[in-house]
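There are two complexes below, and they share subunit A, which is joined by subunit B in the first and by subunit C in the second.
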Partner chain A sequence: MTPNAASPSAPSRRSFLASSAVAAAAVAGGMPLLAACGGSDTKSREGTTSGKDAKKLLPAYVANNVVTPDIPAKNGSAVGFTARLDLAGLKTSVPAKLGKGGKVTIMSPFWGSPPKSDNAYYRAMNDLIGVDVRWQNQDGNTYEQKLGAVLASSDVPDVVVVPGWNMNGKIPNAVISKFADLGPYLSGDAVKQYPNLAAIPTDAWQRSIFGGALRGLPMPASYVPNIVPLYRKDIFDKEGYEVPRSTDEFMALAKEITNARAKRWACLDMKWIAFPAFGVLSGAEKPLGWNLVDGKLINRIETPEYLEALEWARKLFAAGVVHPDAEFGKNAPDPGPKFAKGEFLIYANDLSQWWSRTTEQAVQNPQFKVWGMDLFAHDGGDPTLWATQPANIFAFVNKKASEAVVRDVLAVANVTAAPYGTKEYMMTNYGVEGTHYTVKDGVPTKTDQGNNEVMNAYVMVAGPAATIAHPDFPEVARGQVEWQQRMGAFTRKSSFYGMQITEPSRYTNLGNDLEQMEDDVVRGRKKISDMQQWISDWKSKGGDRLRDWYKKVLDDNGSAAS
Partner chain B sequence: MTAVLDRPVSDTARKPRWWQAPPRPVWEEPPSRAGLAGKSIALGFACLAILFPLWIVVVTSLSSRRTIDEAGGLVMVPKDITFVAYRELLSGGQVTRAAVISVAITLVGTLFSMTVSVLCAYGLSRTGTLGHRWILMTLMATMFFSAGLIPTYLLVQTLGLTDTYLALILPSAVSVFNILVLRGFFMGISPELIDSARIDGAGELRILWQIVMPLSRAVLAVITLFYAVGYWSAWFNASLYLNDQDMMPLQNVMIQLVQKQEAPVGMGQAIKTGELSGLAVQMAVMVMALLPVAVLSPFVQKHFRKGMLTGAVKG
Partner chain C sequence: MSNSTVPRSRAEADTGSPSPAAPATTTGPATKKTRTRQSLRVRFRRDRLLLLMTLPALVLVLVFNYVPILGNVVAFQDYDPYISDNGVVSILESPFVGLENFRRIFEDSAFWNAVENTLVLFFLQLVLYFPVPILLALLINSVVRPRVRAVAQAVLYLPHFFSWVLVIAVFQQLLGGAGLLSQLLREHGHDGLDIMTDPHTFTFLVTAQTVWKDAGWGIIVFLAALSSVSPDLYEAAAMDGAGRWRRIWHVTLPALRPVIALLLVLRVGDALTVGFEQILLQRDAVGPGAAEVLDTFVWWNGVRNQDFGYAAAAGLVKGVVSIGLVLAANKVAHLMGEQGVYKK
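Moving on, here comes the complex of A and B:
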């Protein structure tokens, strides 16, 4: 059910990290073996907490006015920074070290080659925070297995980072039984000791409630849908193509673009664009796929719009306007080189690729210009978009940790959650000036040492409100934030938006093969009627019971969406 | 060949000329030109089918981002040769250190695995030894039922092996399949040889060392290769049991290097890749991973061929 795993054009986990956009991934299945994760916690492990109960737990929100963004957040967008970086003008958001010098071990997923445990970046960060952080960087691709094993053992590190896409099988239960309630340190006004944590949006804190207690330190994200139809603006401008505003216009344009003999096709798989075009509920996470309509919970796959969206995506394949690589589905190669070559002109992916594709080509292919197309409604009107989750990566503190350790962890989080434009943000994200990065014409560029050392470690603990800042390509940053703001105006929140919901484990594998089914239908290997049969089976195999379960969760807790 | 030579001459002389059996089977005749050409073409295609993907891998690993983008991915015709992907892989000494670790793990692990497997297989090949059947059944049961990931992790952790190199060797040290193949081979050795050695006063270890093992060179070479390739290619145990990055073996470092090219976008984690393409790094990693196997395989090939056949028949 995740855009991540959905298609070659869907966003990767890493791009999720990058953009702060939500690419939630409640992939059903995962670790069936985590049998030893039980704990002595007697609170319910299923369901959620919202409404009045949640209000008591949530930290107070105190806006951080240390830095004023160039583009303030609107309609759920990230804040945008487009100005050149002025090192001398960096603000300080943590005037005094809050750390007490203790030792904290943090286990976190890592994509790439982790630096040596004793390096200049880690030393500088630890010095800034006043805590001796020891990193256990684990391979991000096998993190779920490692997580399952570590949580089942008695030797859990002080802090464990858990991305939403790894919350499968028994892991949500283990999170509740193994990790500490941070409420006493953060709920209500207590959070004010940590000003950067107090500036984290309440939606993100709401998502950090697990098993009736505030357990997670969140990495906030914009709730505006993160999947953008990216297109080659340079070729569009040259050929005089107009950006389409309806599915019919898209099809007409796609046919105009496609010339298989000249090795040019219009697009890759557009399934994840078809869904918003027809107003289908979000597929980013299982709970987001449910919505209360006239007193009855409806799942996204039960709506006629869902089938219409699949049918339209199928028509694109049938019309031959989709690049042959898309036939491979999940196994398709990286679209980058063929997009750069111009073999196809449109593909759907995470918002962050808008910038990463730009920077990849900037040196060698200066005329290359990628831009984000507005999501369109199938009939040319305003689209109905559905919000994704406002936080999807969490850091948890071991239940056995002493108060001193918890305080030190919060000191770490208070630095890593510093907003853009502060010294703490620069240190967290770029390292030490002169060692890890240099600034030329207001653009920070990492040195080799910076590239090797300043990679995803501290940023995983907690983050500031969703931020987009690209001093190297300010027009891209503006484009991204403005896209979010325009799309945010059409974005609605479904019934379970913002809630951390743990489904009963008996439903874990329900609907596991949905994506494969979708891909087969879209590629013409199966018929729409097969999909209808699949949906009918899904209902009888547990979908209807799951609906009742969700209804009870909603009745008991109310919705967090506002 | 002997059948042909032994054929009585008078027998062929009595029959009409058209009936005469050819003096040699057809496959021993010198090939006709057409046959030779056909064979050459067929073998040429077979070689091409193997070499062409390798060629693409090598050429892509030596190409710049521009060439890769122009080709829309994999490069077939080299345009510009750049070693930037290899430089990226080998800079920082991380790969070198990891390679030393991998070689050491492979050597020590293979030696250990072979010692245990050969001793076990020899013991089990002597039918009638104490508890022979029971031990065999127990071993075979582990082929069908495994404890699963978490119990194994808990065992390794309880033994205090996490963050030690032993965690990369012990959990996968013994393969029951390999033991069965060895046992099958050992059982095929003539019992008279062993009996005569015993009459000469040799003990079991001496019989194993001086009679059985020299006669089993082929299968030992194959099983050694199986274990060595297993240790060389293993990465999951390291990612599960090791936390210290400095202890990671080569395969894990390679995976990390490939991911590095894909991973850090946005949030100030950009790597200005410039002329370096992620695809080139992936291909360079493939070349480096292939290299040791490609270098070693010609030396063990003859044993491998013989041993595979033995294992297939006797296993």
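Moving on, here comes the complex of A and C:
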């Protein structure tokens, strides 16, 4: 698997890669180069695809605005819909079933407890699509543990959903060697058979190019950082707590809130809030952690801010303001119930939980109000935020799938990617009216059955342009979009923003225990000096060579950052 | 039995037949050979039904225990299971790297940390866990009323049937930082306890969990051994004026000795396997520094990080050390005059 071995024989389709292959041949196995990408078939291809080469692969974009959003996108935010739901006015975006009735198995991460495999929602969706989708839902928190084994087996499901944060180790290689090239079905004008897929923004498709071929069906997302400090606004208002504007204010507030005797702590692990507070480069994905500073690529872990952020997160644990459950790390119980009980008042999680926590508690706990705190800079000024990627969850089709199966999968995606304001969107996100939700005065309310069955299954396949639409809680939708817009104003893009980069496999195990180290440091089990030692080991064990490799990628492709 | 005769006869035949130097002696081995062959054939015919019946088990052992051993070859490779859709082809196509993985292991402080944790945990469990079932068995054996005895046994067995997930959840609810005990302490003005997430006492926690869950189950073998002790012995000892403790020391424990020795040898063979699921579930709560054992190390590197060759190498090292330990423990058992797992 040396990068230089694969290339010289086969003529490359991509000119810039061909040139680097020549360079590789000249250097003859010396320094690691971007070369391997020129290989003939689906062998591991490192690097990225951009510019003219990407253009040939990307599907055409045909906008598909069914309903004008109430809040248009700004600063990279999603589009927001807050208006009442007009059931009768829903458009149809898929006039004829595209599915041919085949059977498609989909493995996908699932957060929460999955419904029975044969339920009203799945049946209704399959009926709408015309494909018999069989779900293999796996626990989302430990998905990476299943993924490696499933992909190594000879029995890969027809479709596998892979979030970007699970693409560690050799998974990117597996994506390239195990999944089908969807280019023949989607590149250029071919996508127009699937109007909802054609309306997916191009930057999301750009992210779906793996190993020089269009392999992913993307779920477009806002590039504004997605981790929000969620807090109990009802309790804040009652107790007169002010939302903190700096790390010192946060610490002071946390100490004020905490009263362990009364079973109340301030927060859970705040590591993911400490990073933006100190302006640390994004940790959402390995390539995003690199940025060009004065002509030199710097990794997030080499910056002083990184250690400062960890130190501050550690101080919170040391001060005893963190709920003891946070000590359990990944094995901690679901934060939902204890947040609802008020055992802690602040925790950091994905923006989507703003809405899901609201809806969970709406009935039995009417005073409960969760809200998102603005990210703050450690010194109280404007924060420096780093963009995540415009798509980070992808559905892939098994390489061995027949054309009929691929077409059926695309039929599924064309329904799940339907924009807000269509019947397909409502079915995908809310289920069947009367069974999974009821509508009163234009406000849809999910029934118990709806809450059980309509969870994150079909939405994982492909999505419309980043959309936040909660007609049931319009103020939450507005809050979410406006939060993104305020934070978007502070968001900058690092050097590899927007690219899909596959690292050479010899570097893939470099950062394996980084997150473990972070968690150990934050919980006081390891010292900051241990982390510094780890970082210097990382550099000598390949980090510095990886830097050179990334520099080469950057020189060859240019930066998409603005 | 029959197995041991086959290689011997063949060995004799081998030494006998290629002997150009001594052609005169050929008749001797030849007749011997035919005789063994005949008797083999006769025995085969006689036992063919029995042999046939062992065949499925043999096939199972071969397919699920021996064939997978061949997969260990990935320890010498930079194994990439994703090269091909077929595992065997992947092995054939993955590049060999010689002892590179083993070199990495010996340089990896995380591996040695796992070895250390494993050994510490093993010795702790040997001292604190192993004797508990023996004591419990003695206790139960001394209960006379069958009703009480049945209830006690049922209560002791029960935790064995709980899954580790459940056991750890119960421990967390009771002893966790926000659990019952800590909250009770706080309500009375003390500090909460950090039992579940303290890396320093983690080995004790794990041992306590093991005792709670499995000690009751472990008494079964000892109870069986106890029931085979003839009551005459106790009566005779009592006649001689031996008290309760003397009877235990001179009658009961000697009766248990072979079983104890056997279980000890088996336990030592398992020394490096100290509870995979239990520890994996709690690994993040105390960090790998305290919780990583060899099995979780293999799992973490192989399954989680897809560094399969490296993980296989670590697994191999573990296997080799385990065999060494079994041999050593068996030797000790022989020296003690016990049978151990196999005869000399």
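Simple rule for what comes next: the second predicted complex is superposed on the first by the 344 of 562 C-alpha atoms of A that agree within 3 Å, B and C clash if a C-alpha of one lies under 4 Å from a C-alpha of the other, contacts with A are read in each partner's own complex, and residues count from 1 in each chain.
As a working rule, a contact is a pair of C-beta atoms (placed from the backbone, for glycine too) under 8 Å apart; a residue touches a chain by one contact, two chains touch by 3 or more.
The model shown is predicted, which means the values in this text are computed figures rather than measured ones.
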### Task
Using the touch definition from the top, say if A:454 reaches subunit B (first), subunit C (second), both or neither.
first
### Message
Applying the document's definition of touch, where does A:330 land relative to subunit B and subunit C: first, second, both, or neither?
### Response
second
### Which superposed partner A:145 touches (first subunit B, second subunit C, both, neither)
both
### Message
Applying the document's definition of touch, where does A:516 land relative to subunit B and subunit C: first, second, both, or neither?
### Response
second
### Task
Would you check which partner chain A:112 touches, where first means subunit B only, second means subunit C only, and both and neither mean what they say?
first
#### Entry: Dominant contact partner of subunit A by residue count, subunit C or subunit B
B
### Task
Give one of first, second, both or neither to describe whether A:341 is in contact with subunit B, with subunit C, with both, or with none.
first
### Query
After superposition on the shared chain, which partner residues are touched by A:540: those of subunit B (first), subunit C (second), both, or neither?
neither
### Which superposed partner A:353 touches (first subunit B, second subunit C, both, neither)
first
### Message
Just to be sure I read the superposition right, which of the two partners does A:446 touch: subunit B = first, subunit C = second, or both, or neither?
### Response
first
### Message
Quick check on the output: what are the common subunit A residues between the subunit B footprint and the subunit C footprint?
### Response
145, 148-149, 152-153, 263, 333, 338, 343
#### Entry: In the complex with subunit A, residue positions of subunit C that touch it
78, 80-83, 85-87, 90, 95, 110, 172, 176-178, 182-183, 186-187, 189, 192, 194, 196-197, 199, 281-290, 301, 303-308, 310
## Note on the structure
So, in the complex, the side of subunit A touching subunit B is made of residues 12, 14-15, 17-20, 33-36, 107, 110-117, 136-142, 145-146, 148-150, 152-153, 155, 263, 333-334, 336-338, 340-341, 343, 352-353, 355-356, 359-361, 363-365, 429-430, 444-446, 448, 451-452, 454-456, 459
### Message
With touch defined as at the start, can you tell me which subunit B residues reach subunit A in the complex?
### Response
64-66, 68-73, 91-92, 94, 148-151, 153-154, 157, 162, 236, 239-240, 243-246, 252-253, 255-257, 259-260, 262-275, 277-279
### Query
Which residues of subunit A touch subunit C in the complex?
1, 44, 144-145, 148-149, 151-154, 156, 168-171, 173-174, 177-178, 260-261, 263, 323-325, 327-331, 333, 338, 343, 400, 505, 508-509, 512-513, 516, 519-520, 523, 525-526
